[in-house]
């Protein structure tokens, strides 16, 4: 259950309007790697977590904080949209190329649909999608996803930081950068803790009975299907594998097929495919 | 540029039909973490890679291999769909609950749309989406994503392995499990190599001028917004941060807001929002 | 900013497993009219609300409560999924048609992707979409949407109530029905209050300068474009309009066009449309 | 069954080109609240209506008219797109900021995909979605949705009216505003008629057996989960409920959880979640 | 502008209920190749058609008829859904595998969302998408699309015909098959007429100045990038091209690249990509 | 199985940057008719093809080539994005309307998400969708789709050719135009070959037992549901049908319904629709 205080976690007040930046800022609200994704993903992982204790508590703790980030960015967007030029005529007034750039670079739905406010869409106006979150039930797999989510998110915020001169916007983004920094660190620390607690190891899932992986070569051999010769120079093509198995990577420069050339059966005649049933060649 | 041989990378031949499993197998063809995702993601990262050499070569090498996995699974799906019951009447014949389960558990589009073949949809029939791939231009962020992609993928294949008794299907899935095992290892090795080459470090992006992150506390302090007390027990709430900065995590059990209670301006009167312009309260 | 307590707002514990009902219950978690929609919609309207005070406070108050409903239903889904048959073989065991029905009626992604947990998808497995929420900036328009959202939601829960015999599930659904009942009432009360406060009236937006609606007949005349004669019998085809304008509805049984038969210009020749430029007929 | 006349219901002829406005006008063709939504929604509700007579006839009558609105707006868009600048070079010619604004503010797909014509997308270019329509089978719930659809639609048209100076465009939009005005009134009148006919009352669905809603307090008590104190000042927090039940709203400023702190079972070991089966804590 | 009569174009009355077939029938209502697609596509092409006369008239004539097909199928779906089992318990009653198959094979949204009626979704429950229609402005390209749409549609209906024994359903589907037959023929006839009228020829668009296609070999040479040797046996690899140019196809069994090995520039340092700016290798 | 060479099939190097054109070029990478669609569609048809030999070989051959086109366009986009203005301030510098147009006309996700690279989205930024491809199992239906795909694709490329002055871009597009020209020809040749081989004829599917199409008139009669009288002038309204059946098209100017006015049953009372069960009128 949740409680809300209307005071923002951190200030979200621009020094002036910039509807074109408001459009761009949507990416970190409703984009694939935006605040809504991490908020709903961490909460979902927390609710689905089958182990009471520190992991579940952290997932719910950070997930709840991320809701506050959605709130901050939505507020910032509404403030940046003040003074959006409503028409080409307004945009073109007095031969001002900045207004033209703002008009072309702004999001029409911000005014037509939202009356100036923010929404759950990305910087192209594409709606946020439930498929952006993952909660697999395996914490090792999910913590790696959470770590990259914070990396992708911090990268996007750092780029946005370079797309504005507004001191108020930059102030808020510095806060977001700091939190994304922290959260990266936390998920990486949690990955190590999972190993220390003996809960999961590599490869994920460790519990899959590897003795049944009869094709052992396939588990170590890099098959270079492109013609870049340097692919063999990395630590992924020779030397010990990081799974602690004692096995070494190997490198195959000319990978060959190991299967057959498939021939499909002619299909149910009631589906009217090609070939017609009476002319189907002999198929295995 | 690509070349194709029709021989499969590994055999994809079931011992018998199972249209209900064919539906489930779509998840690893056209689902968020399926083979199409990793194929197109690694290729996209390779094409967009701005550094010739071993990283680019590996991205294109593995990405090209993944196309062969799409092909194998698509072939397997077509073969599993042989003998799909076309109607309730067929499904209910001779009081056979297995046929009823198969009918209910199969994907109608496999027969109606595809004539029995596979397509780029997940196990619910939801189409694959271009937004499933990411190519950020920052290899550290992307390699973490690639590692989790292989973990999520291997996890799904391991679960599917437990959903069938068909020896031919299990044979193919063991191959996929082995390759997913290998690829996990490779992305993790590549992450270490990026650090060793001095190309990127934590937090991503390392190059963002941290001196401008004036709110240093925000970069170390875990704010526990949920009431799970064990959240403070993990290595993410105290002790050294993994970024090598020498700073320690700290823990705040009662996190407080640092911003103001926002009041939005009344808005452009031409947008007809609430309140009407003439009754707008004084807003800052 | 948000705070979370792990205790549920109301109990979410089934008496036994029912993976097929778990699939159906997703509709009120991640469907168009589900709990995630109302949670994110009310919060968005609250954040974008330009009038401090009772309306904004209520939007944020109810929106925050709805997050607790997402949590309850996600928890219920995880519990209902216990014991999902993983294969046709399990489903068909001992000639048990109930297991066959459960297998066919369950959601494969619940096990393959989520390890048994819930996600932000509807009962077909279609991901939740950011476009499901609306925050127009006009409270009258939005409160009508909120009222119908609670009606659609309560209707769906009432139907689901009839699809299960599980006492624990029914207990939770009665709670949801009661809250949906209350929330319907609240949005309807808020609509009346908006009028009483002089903030908005009909038609929305009232402030649009009606004197410029020169085609006054078009604002009162029902044009019956279908051949159902009873359409003229309702209070929408004669008698006073509810907008208090003193005007009466009128009824036109044989509506006629008021425009021209459009002829489009031949188009930019660089777009290679039909007809080719040199053969374009004379167009106005 | 339908018949079509090529003459438009109302004139759709701009005085001049404006490709940037053409992009914006797509919102009311293929946006969530656009003409295609109301056309297909009312028809769907009419086709699914289980009561012959005035309601069904009106649904089909208005739905059919809305198809004419899609046609008018599509025609207007094609005409507004005449003279779209095809390149930056054209847009930048003679230092004209208006052309730059038009180029940036136009929709590339209008020319690349459609040869200048309209399509079923919104003002961001996001395709129209079947999930935008609802036909629940309960007319009270659906008429409330229809009323808000006309409100949201009229609001968007009124905003668009302020984004253009073109007399021909404004002439058409005035027609649309008048029809949206009328349709708002009609759905509100129909809501009252449903009550008068005894077909449905509040809460929707009235027929759900409220005696089984054992948690009566939950049906009247506003739980204020945000810290805005004015939420208690509205008629939704005290005084009689509009459902005619004679009950009063009540207000709870410090809402408490009524459930337990959930602990999930460890899960099927064949799903490889966390924790591993052999280390799962005792779970209820 | 449109007019509607409530009488169906053809009877849509099943002899009995079949909720599982109702789910499947959604494919030809709201699937990619369903009736809604062709209705909205032909109308869109008609509205955007820049040439008054027979082509525009036919597009609007057939498009309008297709709306009647949507209506018929929606009606059929509502009737087929009568008697849907609402729960596993109902489905499993009296050990009846047919009910189990129906339950598993039915669409939960038909009852939960629609009260038994149809909607604009496909047979997986995925919403119809505006991107399914195309109106390019070039009639030759679009008529080929229309022809394949009728082929795909007739194919799907023919398959559905084999999935039911219900005489009433089969009666309606025969009508649809006949209309799809006719419409295929009509679009193919229209393609020939476009050529006869000199409006367009091959390749589409014919008007593109081929003299600027300096790489003439690329316009005739089949490059076989797969290892299937029979690809060279078809009329697409030798002999005259159908464009009447007098040129012959040619066949290249070992196609070679004609470009360079691309090296991308290091990128704007403010985007924090890999490599870091100061370590970027020399790039052309 | 696939092999990749890093050398491009054809050069993809612009003479200078143009981020606004990069946005537009996305249409032919990740749009409905872009290179990714044809690549994945032809491969899917090839993998699902049930007839070994020339058709399967060609499908896989052309499909594999199309992957090279995705690669070329992705590379071109990355190069065109060099020098994208990151902010309004940069765009407005020195009163340069070209920069303003570029800023407004560029895709923010190219920089924020991709670090300048390309992705699988269209020119509006809408993600590519698995539903864009079709593989029906009937080669006649699919080859018609493939032919129109190349027509739509070549049309879009020809339009893009007119939207740039850059010699390097035009050079690459000429290559694409030539390949699209060739591929159109090839699919048309393959259609004729299918007929010559006796594999399929019109109407698709020819094998559907037409003797059961008892409503023969419906298979020949054009019903003109719009009021355009010229619709009767085309070869689709009189004269021989192209299916070789010897039958003639006929023309009906005033098409009439052939069904009944449907009345739906009142519905399951547990779904709470309108009317309530006890007031349901007598329904057939």
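General observations
Letters are used for the chains, namely A, B, C, D, E and F, taken in the order the chains are written, and counting of residues starts over at 1 for each.
Simple rule for what comes next: a residue touches a chain if its C-beta (ideal position, glycine included) is under 8 Å from a C-beta of that chain, and two chains touch if they have at least 3 such contacts.
Remember, predicted model here, so these are calculated numbers, not experimental data.
Of all residue numbers used at the contact between chain E and chain F, over half are used by both chains, marking a mostly same-residue interface. Centres computed as Cα averages put chain D at a distance of 27 Å from chain E. Those residues of chain C in touch with two or more other chains are numbered 1-9, 32-33, 48, 52, 55, 57, 60-61, 63-65, 68, 75, 78, 86, 95-97, 100-101, 103-105, 111, 113, 115-116, 121, 124-127, 129, 131-132, 134, 136-138, 140, 155, 158-159, 162, 205, 208, 225-226, 228, 255, 257, 264-265, 267, 270-273. Taken as a graph of touching chains, this assembly is complete, with every chain in contact with every other.
For chain E in complex with chain B, the touching residues are 18, 20-21, 23-24, 27, 31-33, 95-98, 100-105, 122-126, 156, 159-160, 162-165, 225-228, 257, 263-267, 269, 271-276, 279-281, 283.
Put simply, chain F touches chain E in their complex at residues 5-13, 32-33, 46, 53-58, 60-65, 68, 72, 75, 78-79, 82-84, 86, 111, 115-116, 126, 129, 131-132, 134, 136, 138, 140-142, 144-145, 147-148, 151-152, 154-155, 158, 161, 174-175, 177-182, 184-190, 192-193, 202-205, 208, 210, 212-216, 218-226, 228-231, 233-237, 241-243, 249, 255, 257-262, 264-265, 267-268, 270-273.
Within the complex formed with chain E, the residues of chain A that make contact are 155, 158-159, 162, 270-272. Across the complex, chain D is touched by residues 1-9, 30, 36, 40, 43-44, 47-48, 57, 60-61, 63-65, 67-68, 71, 74-75, 78, 113-121, 127-138 of chain E. Against chain D, the residues of chain A that register as touching in their complex are 1-6, 48-52, 55, 86-89, 91-92, 95-97, 99-101, 103-105, 107-109, 111-113, 115, 121, 124-127, 136-140, 194, 198-200, 205, 207-208.
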